[in-house]
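First chain written, first letter: the chains are A, B, C and D, and each begins at residue 1.
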Amino acid sequence: MIDFSYTVWILLIPLVMFVVVGLFGNRFKPIVSGIAGTAGLFVIWILSLITAYKYFFVLEKAADGSFQKFLAFNMRWLNLTDTLHIDMGVLLDPISIMMLIVITTVSFMVHVYSIGYMDGEKGFMRFFATLSLFSFSMLGLVVATNIFQMYIFWELVGVSSYLLIGFYYTKDSAVAASKKAFIVTRFADLGFLIGILMLSFSTGTFDFITLTGANSPAFSSGTGIMFLGLSTMTWSMIFIFMGGAGKSAMFPLHIWLPDAMEGPTPVSALIHAATMVVAGVYLVARLFPIYIFAAPVALDVVMYVGAFSSIFAAVIACTQFDIKRVLAYSTMSQIGMMMFALGVSGYGGHEGLGYMASMFHLFTHAFFKSLLFLGAGAIIHAVHSNVMNEMGGLRKYLPITHATFLIACIAIAGIPPLAGFFSKDEILAAGHEKSVMLYWVEMIVSGLTAFYMFRLYFSIFWGKETHYHHTPHEGSKFMTIPLMLLSIGALLAGFIPFSMFVSSDRLPFHTALEMGIAIPAVLVGLTGIVIAMLFYKKETTVPDKIFNALGGFSKAAYHKFYIDEVYLFITKKIIFNYVSRPIAWFDRHVVDGSMNGMAYVTNEVSDRIKSFQSGQLQQYALVFVSGVVLITLLFTYLLTN
Amino acid sequence: MSILTLFIIIPTLTVIGILFSKSHIQVKWVAVVGMSLQLLSAIALIFLYLAERRAGNLDEVLFVQNNVWYETLNIRFYLGVDGVSVAMIGLTALVVFAGIFASWDIVDLPREFFTSLILLATGVFGFFISLDLFTMFLFYELAVIPMYLLIGIWGSGPRHYSAMKLTLMLMGGSAFILLGIIGIYFNSAPSGGQLTFDLLQISKQTIPINVQLFLFPFLFVGFGVLGAMFPFHTWSPDGHASAPTAVSMLHAGVLMKLGGYGCYRVAVFLLPQAAHQLGWIFLILATIGVIYGALGAIWQKDLKYINAYSSVSHCALVLFAILMFNQTAMNGAIMQMISHGIMTALFFALIGMIYGRTHTRFINEMGGLMKVMPFLAVAYVIAGLASLGLPGFSGFVAEMTIFVGAFQNADTFHRVATIIAASSIVVTAVYVLRVVGVLLLGKIKNEHFETLPDAKWYDKISVVTLIFGITFIGMAPLWLSDMITGGLGPIIHKLLAAAPILN
Amino acid sequence: MFEGVPLTWFLITGTIMFFVGIYGFLVRKNLITILMSTELILNSVNINFVAFNKILYPGHLEGMFFSIFIIAVAAAEASVAIAIIINIYRRLVNIDVEKMNEMKY
Amino acid sequence: MLIMRHELLLIAITVILLIVEIFLPDTQKRKIILPAIILMAAVTILGFFPGTPGILFGGMYQSTQLTMMLKNILNIGVLIIFIQSVDWLKQEQNKEKVSEFFLLMLSTLIGMNFMISSGDFLMFYIGLELATIPVAALAAYERMKEKSAEAGVKLIFTSALSSGILLYGLSMIYGTTGTMYFADVAPLITGAPLQVLAFIFFFAGMAFKISLVPFHLWTADVYEGAPVNVASYLSVISKGAAVFIFTIILYTVFYKIAVMWSELLYGITILTITVGNLFAMRQQNLKRFLAFSSIAQAGFILLGMIGASQLGMTTVIYFALVYIFSNLGAFGVVGIISNRTGKENIDDYDGLYRTNPNLSLVMMLSLFSLAGIPPLAGFFGKFFLFTAAAKQGYYILVLIALINTIISLYYYLLVIKAMLLNNSDQPIARFTSDGYTRIGLLMCVAGMVIIGFASSIYEVVYNLSYGLY
């Protein structure tokens, strides 16, 4: 057995970086923080690659030929009950290692890119410190050995996301967006927490290996009907999925994601495209055995939510003009597809194709989506705007960006042989096996994806010639090199025989392209591209006409179907004005009033009885004598009874 | 003489030293030296305690000092600590230490200020180490009274009203406690023998159930008032709002913990049957308090009010956890006390420092302070994050322990209460982020604020000490949790014996 | 001399005197008259003591002694009272009890 | 002779002072102050030497360890009052009548001593009157002040009425039992209607002395009108002595109808504490304020009496001891400020701490002690009183009393608020008090601080006390 305990350093190095840069960063020049953070990331990137190599190619497989799932490191962190305790450790299995690769790669690229992008920004040091914190949290999340550790890091990525979205803290919109992101995900996390409580109470453990093992207590306990005809385990899984849905921006908890684009673009690339937002997918995948064996209803929920979110977001993406928002809705749509894939999946071998497809798409998506964001960053950096109407014809000024952006667009549109094609194809194949209707929904999403991506592409790089104040130019080497490296990933990632490494039961299996699915998908994608080209390559009025023709629907889509307004109504109007304010009033006037009332009554009584003390000697004597008489009468009464 | 007597002797000597100090500076330094010694003794106590336990000492309480005081009434000067009290002492020492630095700016009557502050601390220390109900009560009242002067003289706003209200409400609570204590005393030997105030000895008796049912509400409400139990919490917002910085810190950080600790150590421990029978009433109140305080905080505009309502919510969580009657939840309750103690002290320290610079506490009038005073702002963000239960800070550990513990009660009533209480974490996030957003981020609203200075060295000592406290516990909670669990044994045992059906 | 006069007669006399005294104390406005009323009360007590002693417990003289002491104390009391009244008169030129209400509430 | 030690010593110094006084010219009367204090101190100290218990005059006078201790307590109180009075006595208007003050006070003290030692209602009555009549003269001491005269009138007349009623009660007791000796009366108390009536009359008379509601109305006016030191004498010494003897009589003479008087005390306690507090909270004049506060305190003392046990009696005596120190502390401060500035209102005390910190501190401690705040002795006293009442199962009564402590705390805090919290444009100017006042106040503070911690005092009291059963 190879010793993997060094993997704990993958967690510790970013943490140390965070502390060191955070506390002492301002003693040095800003660039030092950037270099230090990047160097740390480089080290753990290498470590992750080594780990992956050793795990997949060197480590012996288990007796049944599957990849092992084991604790590389573990320590007791907190004792709760006799059976429940929170541990901190590193769990290695195919998906956690896959995630390690994704996170460290993208994170490293983003670090390098940021040195260029953030150059001269105020708070450079703060940026890198928080980025390290995020890397630490995200890595901790994926290697979590138990669900509580995952929850802990889950919260931590939430806060790093909060800090990074609100990086430009003097901008009110950024502050509002960060707040929104945190609170919405926090609300979802409440569901996660309740789910954990229910799950752990039924099973008596937090441990992933026990929970998802063959003899998991989750399969046998908590099966009784609890509420609305569903079992405890189903409810707990639905609650846990609520947490995942919040972080992964599934409908209706997605509202924070578009706003989160207020953060610096590298952050959007890292957190809101490649890593944190897929945590929900990862969570479901992590607990997949429980979903499939103990809570199939919850898995159906995952499927429907995923499918709906993907089409919902794709429609909105077609109507947006802010390039980062388009990408954000695209992200939401793609994650919806991953969720959908998990939802349709079965367990074991080819049955578990959806599971594999989901992970595969997660993997490829990370490359081309972060590439898209970084490209968008380069564009914004060049033209100082993120509204696509103010752009056009940029291919002349930004050749490298143009090329890489195009690669990413083709990849996400699902055109072979780029990465997106392979993973999307598997998803559609898995979907087709489960539900034909949803398969066609995803097919439409696929087409829409191609359309809005190329709408974006053509509007930016072709279209009308816009006059710029300053001639746009490429960023520094720090920015262009990561773009090129990532585009290699976007080009080639699809060729990895993913099912040989990642599968629902950790047993490798073979997959082949199903032409019956691949060909229609490619055709749909191409259709989308062609339409986009017709509409946007030259400046035309066709899109506007169509937009107007669709009337209310397109308007609603443009306004993101008014979900934000609903939330705003609930929070601002109902909670703030109709709950909190009355409570504050109630507290002041009723609760406190009753306390003050007691004092008032005492005072009043005191005032009323003052006339007894009239100063008249004879009245004193009268009271005296009446006292005696009263007591006598009282005792007469008492004695006669 | 046990090490515990130090915790009374040191503050007493400090007070004497302060009274004989010549200048204002000297007063402060005497206070600093005294309270540093106190902090060191507290740390030493923690280590000694852990060492003793590791050496296999299984006594219920350690470092016992037991002297007869009033022989005929069997009143004793009886000191001793278990894991819970050691933890509380650590908390107190830390907060007091930070409090001294936070009040470095006091110019008006500093001698009196520090005297009162340390007297208050003495009361708190004495309360936590006493094992005799009489001495416990004595220290309890000793801790409450200096509050009046501290708020009344050095406070702000409607300080006279607030001070009076706070004192009267707390003394009202203590009147209830007194009745409860006397009632327990006269039933402390149900099978004959000498009556006693000795907590441990009483805990080994079973007080007749009808007596328990009579006394329990008095004791629980009495301590609950100090623990800001709904609906007896209204002294807290007013009191905090008017109090000077260090007093708010000590008050919310430590004094309010006396309430929770008393509920746990006296009401529940000595009257377990009644606790089982009547606990549900107070559980409802506590649950209401958790969510009510949090929702109430959203609308407030004054920083101190926000934090006061937040304290109501957090302290209600302590009572909530105590009333869950199992080891995990109680452990969480104690941790929540410690966590909230440090955290809220940090909050009040920062609010005080910000107020000292901007001269307003209304969040609408401020904004963008991050730019002007980054140290204080970052510390405030940290405090806020700790308050909303972020992992890595003590609040998370405590809250999660409470929720997991509370969830072990499998009936619907407790479940619903738990879920309602748990939902407060969202509401907490709302108000914390609202404050952070309006106060620290965004643009600077008042140009006068552009030139305000950041934290001074003494501010930094105070803030860093407290931040260290919350992060240390938040990162490595195991020792604390285990230490507390060790102290919980007898009470859990007693509760289980009281209700065999439980669990 | 008292043979044949039953105890109740004395007691009734005493009681009447007592209440007359109290009545006088309550309604008279002149301090001197009020002082006289208190003397009435004390004398009613004397009657009681003497009557009880003579008729019920003739063996001892406790009641007699008591009344003698009461008379003596009453004299002392009266002297102090009158001294104060004179002082009042000097200050107010008036000894109306209702005028003495400077301190109240 | 040793049996009557206390009384004889007091009589001796009274006579000595009287003789000295005769030979002093009118302008030199002040010279008597120091000898008086020294003699009183000597008497106080001599009183503490162990004495022989015994009875005299065929049982009319009885001296026990308990009564000796009670007399010692009173001696201490009077000594403190003497010391505190010096500053006032040295004022110009009192120059001719300094010696009267001491002589009258000593006479009342002698009366009280006899009262406490009485074994017979006759002795009790004589002691009582001796303890009352000179006080009326003292209340009217300031001849030039209308208020003082009014106080004298109110005191002497209500006291005459109350002793009339008390005597009427005694006459009925005599009628039903045929004797006035405590020891002989006790077994003959059967609870017959006439005896109950007699007890009520007797009770009313005593309640007047202790100023229990509704027999308390004279208190505030007299305290306000009388010189401060006389008021403090009335509030602690007179009241203390009456409480002592009343407890003794209740426990030794009327124990057979204990059920009855417990019920009576129950109601009176609630009334006294509540009414006392409700009036006290609205006072402006500090003497009046302290008068009502002392009424409420008397109500608390009843809690111990109602305890009707050894514990009960101990707590009564112990509390009275504590109360003497606390109240004298408060009165001492009021007195010196009144002497120096003539200001007696709470408002006048605004900002006092800034100008006269030490006086304010003493005042604060005294008020805290009265309110029952630890670690001052008042806390212990009150705690024990509650314990005594709770021992008999009067939990509801204790609860009501406890709620009343909140009100009392409120008004005590009002004074503290004035002194420490309020700021004033024209605070009482800074002044240095004389040595006597300082010693007097220091004794009070020492008492307040030490008595609580020194549990041996409590134990001594406990061992000498006795209960009903």
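FYI, contacts are C-beta pairs under 8 Å (C-beta built on N, C-alpha and C of every residue); 3 or more make two chains touch, one makes a residue touch a chain.
None of these values were measured; they are calculated from a predicted model.
The interface holding more C-beta pairs in contact, when A-B is weighed against B-D, is A-B.
One finds 36 Å separating the Cα centroids of chain A and chain B. Note on chain placement: the centre of chain B and the centre of chain D lie 42 Å apart, centres being C-alpha means. As a whole-number value, the distance joining the C-alpha centres of chain B and chain C reads 65 Å.
With each centre defined as the average position of its C-alpha atoms, the distance from chain A to chain D rounds to 77 Å. For chain D, residues touching at least two other chains, in rising order: 153-154, 157, 161, 165, 220-221, 282. Listed for chain A are residues 610, 613, 615, 617, 621, 625, each touching two or more other chains. Annotation for chain B: residues touching 2 or more other chains are 168.
Two chains count as a pair here when they touch; such pairs are A-B, A-C, A-D, B-D, C-D.
In the complex of the two chains, the chain A residues touching chain D come out as 602-603, 605-607, 609-610, 612-613, 615, 617, 619-621, 623-628, 631-632, 635-636, 638-639.
Residues 311, 368, 373-375, 379, 383-384, 386-387, 390-391, 395, 398-399, 402-403, 405-406, 409-410, 413, 416-417, 420-422, 455, 458-459, 462 of chain D touch chain B in their complex.
Interface of chain D with chain C (complex): residues 121-122, 125-126, 129, 133-134, 136-137, 140, 143, 146-147, 149-154, 156-157, 160-161, 163-165, 167-168, 170-172, 174-175, 178-180, 220-221, 224-225, 282, 288.
Residue ranges on chain B touching chain D, taken from their complex, read 69-73, 75, 134, 137-139, 141-142, 145, 148-149, 152-153, 159-160, 163-164, 167-168, 171-172, 175-176, 178-179, 182-183, 185-186, 214. Per the touch definition, chain A reaches chain B in the complex via residues 76-81, 84, 86, 148, 151-153, 155-156, 159, 162, 166, 169-172, 175-176, 178-179, 182-183, 186-187, 189-190, 193-194, 197-198, 200-201, 571, 575-576, 579-581, 583-584, 587, 591-592, 594-596, 599.
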